[in-house]
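Pasting in a structure now, in structure tokens, and then I'll have a few things to ask.
In this document, chain identifiers A, B, C and D correspond to the written order of the chains, with residue numbering beginning at 1 in each.
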């Protein structure tokens, strides 16, 4: 289904970096869900470029909800958000049109769209489109919170610097959701910011790792094959631009563990079944076990850098050299974090609606 | 769609470990594709338990193709494979029924199926089901080879021991496909086998990392959002039991790189566009760029071990202790490798059919 | 998704008329549903050829359930039914292979499958495949009855003879489900049977109209656009071979009515909202209103007749003449009726599971 | 997928009668397709209320394409059309809010959306939404014409008056596409208009039958089960508001035919296989045979009439009486005709893209 994701709650994304609008349609959200405009704006603010460590492109993200909501309450029919593009300077990108930016989608877009693609500012591949994903996801994330399900993401690692691990999840998630630069340890965050600025000064960029925790998910959600919770979340999360890997629970570290260490023993906590450890990230056999869902994604360094790079002109099919100009982020991992929150919220709403029906929020 | 995956080429899996049959339906494969019975049997052999380092359960995997094929050629209509279950000893698992095996799906199955699940030998969650996935995937993999697309997977790491990296992909893939224990460096493989036996002697188990390479994929396949090649492959691959993470190209290592190192410069090689490095694993913006697709998955240690483990009885809701008996694998990573090949082949056939239509093989 | 239908409860069909097995996988049925073997066998019996007015092909339909059911109770994982093909006489169809049977799928199969299709007895297009649909649908239909939802179909018209209209729906449905030749008025049925025999004596065939009623459906099921109840049911029902039309409620007769007559006035019946008439067949705006769902399909005359017909040889691309031999039904409308019941049951289970979640039967 | 339809080419509809915008996203259209603005506007004009025989609501339908198109050429990424709502008089509908309009979706919306639905002017159920479907379908229809595939629909019957049958399809389709009131015989059309005015004068409404012809479709498109061409088209067409039935080829008339008459004999016409008659409407076994696709839908009389009707207040759950005021159409069949063209075009683009790949238009 390409630009649509989901079976019961589904999102359709549209728009280009330099088009008139970007937007999203969320279909299948239950009726009667409150829309908190401040909440959506706050999430959009967290995604927006942030002064020195981001592109100077100014985006007001004046989103509007043009269907599916009356008096800040969902009607149950498709919710459409529109965000107008402003502050567009097409000229900056003019000479990039046929020399492929390495590790960008310029060349693959040419292969797929035969030259008809909108190449201005990345077109439909632009990270800009994630603003629409965030607005849609904010509605889903707020709805989940009404059911006691909370999502938080921090920059677990950036430019070789690590944040502390999750500790008290409820408190940590709460703290993260108000932070512009989402780290649990502010000192680590300060070092990351310095490293980003250093890379920027070198005309270079850095990557990182995002770690997400979800608490409050009921057990018994997900499927044994194909529509596993890991499979559904990963399908969604590889749409967060620059994500090139995902791991659940202990993830790749499981490869060096033995079963006796890796296994999560069950135990009773009052009348609830819990696990003593959570190396499986809250998912067994593709299905939630009631423990927190924990996963990490890797965000590659922003591909656009201000250094000369070898490339090809894909129209003349000759070797060429690229010197980027314009506005770009030396890092996007700290901005991608709220996109990850949003994407996670949408995928979980779908999984819950499939499990409990379209009135699952009641 | 739960137990069905795919839009144009789709697979539906069915069966339980101790049921009469396991099987798969592959719908949408082009007509006129040759079926090589020896090829399928070879892949099933690679999945089968292997003497000392695997469960002693004997599986003959007498698969039959009962629809969609005439005179070893696909008709274009659904292909159904059936594999009868044999050598079934239900008794071994009898006392596991209500004490959840840690890191298995026993407890989550109870949450989802309310006690009606088939708990014998893992039921529908059993790794046994992957035999049907392998038979189906073998048909797809052989078809891809007719188009010059080759897939190979090796045990990149197991029990803390690493295999060498891919070097000459065509030669390496060719070599891997005839090996029972798929490593590129036999000496490393020997050490892995020793480590597996050592863990088995301790009543324990080990995990590992699988690395897959795909060569010959045409450029321009995949979608910018949601149905990215990474998203589709990961959705599929989290169905390989015990997989808890996936990374493409340089994967999580990208988090510590700078853009100037991580970016893959384009260059002309004759009349083809290639990249000098392949840190993006053959995919830019969700779409293939014609370079090899490279990814790694992590396979957690086999959860069933012969040590006493803390757990709960999920019927009485009390703490309990589990002592496993029966037949189990001290490692499955070396068997999962062919499941990964098969799963990859199915997902790529679907992506190719979506891109080029149902006659894409012609 | 081609040979798979459904979003939450999905059916995948496979097999060919002269292959080893035909079968179906039903995925997503709730756990804990009773399977009544006698019920399934009864429905298979109703579909089977019936002496003089049907093909003399003998089908024992020795169906087996090979996954998803333990102790005649669903586990919640995919249910697979297998029906072996017996009494197969391939020779009868040998000379039909390249001369297209008019109004059959021989020529379109050639166009789509390029000569690789299984042409023996209609292959995957054979009405024989509906035995698998019936076995799967019987499980769904029985499940619906546990929730008070009942489905019944009668031969509303055949060979120009009409059955009486539905009257007391509960009683009529109950009566129909035990009848081999499903009419409400036995005298009309007798005339239909005579007309069928008369056509058979002429080497000819007849068609008819099937009318289905569903009682007990809850209100509020279905979607306003695309996944309307009419849209979902019709998508499914055009898979009943020979169906060429469907109409809901008053159907095509609405074209000559005025709104003042066609509209169904609402009124209170105790504490329930009902409609005084049911010209909309229980569906308003694509969504059930709690009234009986009523629809009719037209089943074209069996295309295989024993008269010489003009046709073409699609291999030599020359005009030709066809003289059918072998075993064929002079009418299938009376057999298709139980296929329609089954198909309806599957589509409604899916709609209910989407609305109320995977535990909708509880 | 609810408000999304299609597998490769997909449409998502959004908006409400009295909301800010209605619109549609069309995903998966091939790149490089010309957009003819005049063509889209013409189709929107044909849908618009038409003087005396329609609602006096004025809709300018100032549609905008806000993504997926550059310089009037598709880019290959999602195309979004927006149509602002104007001339909105909410007050007219105020007292309809809790007394259900018979045969409208007011009551079923209440059942599904629990009172949160937008009830102004029918909300998301309003025929108004079809303007977005028409704009999207116009793009698809124009694209099909570039491949030699033409679609035309006429009012086959209205208020008991019949139009003449299709004769020369190419000429008839061409003539229809420029007519505001689409009949093949203008005299019949004049009588229909008079009958509509007569019903309007009585405060009543009328229905009709729409007949659609598609010429130029290649053979071999569609699937044998579930995704038959009939199944896909009908799934789509029941989204045209007020449609309650659909029949292909000879349709319900097949019930009274014998096989010897109903069968369509094949014959060679030059080097093409054609059929002498077309009682199957261009589809055999769910797959196109290269002959024109012919189908008819029934459009029920507009449910809103200016006569007092019995109904219930679904909030107080009491019997009530409804007296409609405001603006309404005494017939919509003549406006629905262009919606049917549009819906057909979208469904066929999807079927063609599934068969021939995303570059099917080249």
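General observations
The definition used in the following text is that contacts are C-beta pairs under 8 Å (C-beta built on N, C-alpha and C of every residue); 3 or more make two chains touch, one makes a residue touch a chain.
Remember, predicted model here, so these are calculated numbers, not experimental data.
Taken together, chain A and chain C share the touching chains B, D. Taking each chain's centre as the mean of its C-alpha atoms, the one that lies farthest from the centre of chain B is D. Averaging C-alpha coordinates per chain places the centre of chain A 27 Å away from that of chain B. If you average the CA atoms of chain B and of chain C, the two centres end up 38 Å from each other.
The set of chain C residues touching two or more other chains comprises 1-4, 7-8, 13, 77, 112, 124, 224, 359.
Listed in rising order, the residues of chain A touching chain C in the complex are 7-8, 77, 224, 353-360. Residue ranges of chain C in contact with chain B, taken from their complex: 1-4, 7-8, 10, 12-16, 19-23, 25, 27-28, 31-32, 64, 66-68, 70, 73-80, 82, 112-118, 123-124, 359. On the chain C side of its complex with chain D, the touching residues are 1-5, 7, 13, 100, 102-105, 107-109, 111-112, 124-125, 129, 157-160, 199, 202, 204-209, 219-228, 230-232, 234-239, 241, 243-252, 254-260, 262-268, 271, 273, 275-276, 279-281, 283-290, 298-305, 307, 309-312, 314, 317-319.
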